[in-house]
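Take this structure first; my questions come after.
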Amino acid sequence: MSLPHASDKAVGEKRSRMRAATLLPLAGMAVAIAIVFFGLDWVGTDYAYLAAYTVLQFVVLSTAWNILGGYAGYVNFASAAFFAVGVYTSVIVYKTVKLPLIATMPLAAIAAGLLGLGVGYLTLRLRGTFFSIATLALSVVMNTLVVNWAFVGGSRGVYVLRPQSIDFFGPYTRYLCIVMLILSIISVLIARAVEKSWFGRGLAALKDDEIAAECAGVPALRLKLAATALSGALMGAAGAPFPFFVTYVDPATAFSLTIAVNTIAMPLIGGTSTWIGPVIGAVLLGSLQQIATVTISSALNLLIVGVLMVIFITLAPNGIVGLVQKIRERRS
Amino acid sequence: MVNWDLLSNALVSGVLLGGFYCAVAVGITIAFGMLDIVNIAHPAFIMMGAFIAYFFNTSYGVDPLLACIVAAPFAYFGGRLMYRLYYLAFERHGEESLQGLAFFFGLLFIIEVGLLLIFGVDYRFVEARYIGPSIQLGFVSIPWRLLLPTIVGLAMVGAVALFNAKTFTGRAILAVSQDPGALRLVGGNPVHIKEVAFGISIATAIVAGALLIIIQPVEPSIGRDFIGRVFAICVLGGMTSLPGTVIAAMLLGIAETLTTTYLGPSWSPAISFGILLLTLGVRPAGILGR
Amino acid sequence: MSTASVLSSRGVVKKFGGFTALTGIDFDLGPNERVGLIGPNGSGKSTFVNCLTGALACDAGTIDFGGTDITDMAAWRRARLGLARSFQIPRPFRGLTVRRNIEVPLAFAAGLSDQAQIEAEAEDVLARVGLAAKSRKGPRSLSQVELRKLELGRALAARPKVLIADEAMAGLSDSEVDEILVLLMQLNDSGIAIVLIEHIMRAVVRFSQRVIVLVAGAKIAEGTPMDVLSHPEVVRAYLGQ
Amino acid sequence: MGSSLRIENIDAGYGAVTVLSNVAVDVRDGETVVMLGTNGNGKSTLMRCITGEVVPTKGRIIAEIDGVTHDLAGRPTEAIVDLGICLVPEGRRLFPKLTVEENLLLGAFRKAARPKISDNLAFCFDAFPRLAERKNQLAGSMSGGEQQMLALARALMASPRILLVDEPSVGLAPILVARMIDKIAELKAALGLTVLMAEQNFEQATRIADRGYVLVHGQVALAANNIADLRESDVVRKLYLGLD
């Protein structure tokens, strides 16, 4: 063993550095909360809340996607399906027991997490591409299920009545915004904790070399299953407030291609190796789209996302975070 | 009491649908099964074919199938170009799995939205002499609209099988993903071989598009319904086997028409997913996996 | 055979299609023993290692580790029991730093949970294999011999009872071979039984208490290095006489 | 009009690792030359340099095929095969999921071999009756010995002028090794080939060789002009059995 004194000092230094690293994102989030609370109130229009909600929803979705896609390298194309499981769990709860939203969200997360576990159990033993293909088909089958399920509105859709306002929070849209903000903070904290924990490092090891990881004692299948379930659960939670946000849901909006594409494009453009990448991607691309939807057509704006994504994965596979790192390395 | 009339009609149209699915899936059997390229944008190219047929049919009155057969060589070279790009950007660095998948997903999406911007969201259809009339065999009626795609689909698989069995390039296509280095050692260039094969794969998608729009009216987003189908057929058929592809396509066709007949058309998209998941979970090698 | 063996196999068979790579291998490794496993290329040495460590499933036979039947056990469970290996071609986790590479088996195979302890022990392992200076570097910046050391370090960090070193010295210079040999001897001194798979005979002779020879998937000889190398069948397999 | 190979003082390796240094080897028309050495001494790397899979960092490789001289430097593998220089690779490298016949037909991919494909196929089936019996079987389902025969036959389908054979004994039981070596000698005589063979089985390899080299640590430790010199050298015994 090395000298105890020296190592104690090193550990102490590390601890304080770690504390600083934890405080930084928390401070960032405090600023975000402040902006949403005061900034949006200052703008005061409903559209401001709508835009903020959509961007925050994408922060959750792309952060969730990245737990499996970025850390473990398994591409999930079914984000819309996991999201929709959350949406329809919420619809079912609304039509039956009418629990408050805060109680519905964990239920949605559990339902979507179980779905992830099931699909993962069947396909995660095989090559990663098979998992991806299975998720592609998963969206279709979930869509089919909902279309044929009259109780949740079938293909015609379902209306959800929401209160105009809610105690303490004011207008309901403002309340939804705050719920989504809290969920996005929770998601980012979870993603960050995963990344810094042995769970995340195990995922990183198996992403690099699954056999070598197993020989180092990493239970690859279990970790992948856990990541799939966790990632799916967060997506499901993101879907739960959606019916109240739009007040009318049909399969076309719940399984929207916009969700599937953005959820993959945002982490890839932001950078998949750290928790901050998906956040940057979601905020940047999400805001851009909010502006573009008003100024240009929505179809064209989706086309832009697609083209941006292809350009990034071809030319800058490590995303914006990777570009920044490269520039920093060159400077030093 | 079984309604034989209904059942036999369902079985016949299932087989006919299966023949069309051969055309849809043969390109994926080449790209995914033989070349190991997970081209999830394949259905988007099928939609492209459908709209090429639509455009030339409505604007110039050209037969939809003819339009796509003429377009196929262009698609072949387009496909070669696309593989070049894919190779240079991903495969060469061994980064094809995550990034390659996202690349094709992006392509799928760009094509779909592009078609949407050009042609809109309405269902489009074509006109041709064979759309409408049927052959009546006892109580089974066979519409030409379904028979022609079946014949063309089976012919396409036959042509690819013949090409692979009889030509040097074809045999190299079968070998290339098993050991690219060994292919070099017998004098073949794996990149060139994959380029040619991918070109063929895209060309088949364009022709399949014409068959699709002959069978039914189309709009850009229905392409996605075919993703599950093409991969289910490819995996169930044993990935590399063309006879396997035909059998799997027929099975899926029959399963879907039976579902449509007895449960209603809205359930049929889920069939392919069920087959896919079951195959992956139970026997990933498929029916005729070597 | 001896009941005291830490790792043993009985009748292990492995086929690849029509090609039989292992024809039924019986193998025993005593506690703290040093065994050399040799044989011409393609004789099935690496396949045998893969069967022992769980990277490949056997077609027949049984494998026992310290009294536990591990024949059908997943590779990661075997690693946690104390069976570690290094790979013939180094397979570092390229996305992690050198120290993180060492930390992965410490956290998973050895089951440590205290971060400070993991870090301290990782530095300790790196010092033992002579990579302390490279701790924060990425594996891409390592030389061939350093990659071999990282392989050994990662195996060592699993706190193994048995270490299987698969051609840990291939492609190294004479002095580098000696470096690795010294390292392996030290590990053995600390109580780890070691199976050395090697083509460099000089190293095998110096290292092994016992040598096992595989030819075409069958064990043809076993004994002290000198006995084995003068065994007529071994001479025939290597020289063809 | 002969076919010969001249390797002029090459250095080669993988990335930062140098495997071969200053290796010079000569194979004259119609000769069988053997490259001896245990594993890890660079025999396979030398073979891979000739086929263009590894690019030497120094030196030249010159081939003369039917009187025409070619510098092999920088040519891709398939272009070198096109010249008529064919390798039976270590570990066989067959296409396991193709049939025996499909493997053989792929062997004739080389342009110059295509017109002769039916003659060559008949020759191979004649030389290896076992392959004719099993022509519709998948290559991967055959035994090790049969696979080695197929690898050899596949190389012959290319109508090679210079045949490179890398470790034909890999994974074979001793009795099969002798048979394989005999077969190489027989085919070489029948087709008038120039052969360079890498092999660690000393006794078997020297049975059919005209001359030989011993590679130790990536360098030529011994270049013997006849087999007697090789046998008498103690370099070999030391290298193989580690006896000082």
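So that you can tell them apart, the chains are marked A, B, C and D in the order they are listed, and the count of residues begins at 1 in each.
Convention: a contact is a pair of C-beta atoms (placed from the backbone, for glycine too) under 8 Å apart; a residue touches a chain by one contact, two chains touch by 3 or more.
Remember, predicted model here, so these are calculated numbers, not experimental data.
Chemist: Using direct touches as single steps, what is the fewest number of steps from chain A over to chain D?
Modeler: 2
Chemist: Select, from A-C and A-B, the pair of chains that is joined by more C-beta pairs in contact.
Modeler: The greater number of contacts lies at A-B.
Chemist: Taking each chain's centre as the mean of its C-alpha atoms, which one ends up farthest from the centre of chain A?
Modeler: That would be chain D.
Chemist: Chain B to chain C: how many Å between their CA centres?
Modeler: 48
Chemist: Which whole number of Å gives the spacing of the CA centres of chain A and chain C?
Modeler: 42
Chemist: Counting only Cα atoms for the centres, state how far chain C is from chain D in Å.
Modeler: A distance of 31 Å separates the two centres.
Chemist: Residues of chain B touching 2+ other chains?
Modeler: none
Chemist: Among all residues of chain D, which ones touch two or more of the remaining chains?
Modeler: Touching at least two other chains: 96, 138.
Chemist: Please output the residue numbers of chain A that touch at least 2 other chains, ranges allowed.
Modeler: none
Chemist: What chain pairs are in touch here?
Modeler: In this structure, the chains touch in these pairs: A-B, A-C, B-D, C-D.
Chemist: Residues of chain B touching chain D in their complex?
Modeler: Listed in rising order, the residues of chain B that touch chain D are 168, 171-172, 174-175, 178-179, 181-189, 240, 290.
Chemist: Write out the stretch or stretches of chain D touching chain C in their complex.
Modeler: Chain D residues touching chain C: 15-17, 19, 38-40, 90-91, 96, 138, 140-144, 146-147, 167, 169-174, 177-178, 200-205, 207, 217, 236-237, 239-243.
Chemist: In the complex of these two chains, what residues of chain D are touching chain B?
Modeler: 51, 53, 76-78, 81-82, 86-87, 89, 93-98, 102, 105-111, 114, 138, 154, 158
Chemist: In the complex of these two chains, what residues of chain C are touching chain A?
Modeler: Per the touch definition, chain C meets chain A at residues 53-55, 74-77, 79-80, 84-85, 87, 91-96, 100, 103-105, 107-111, 113, 116, 119-120, 123-124, 127, 154, 157-158.
Chemist: Mind listing the chain A positions that touch chain C in their complex?
Modeler: 1-2, 7, 11, 198, 201-202, 204-205, 207-209, 211-220, 273
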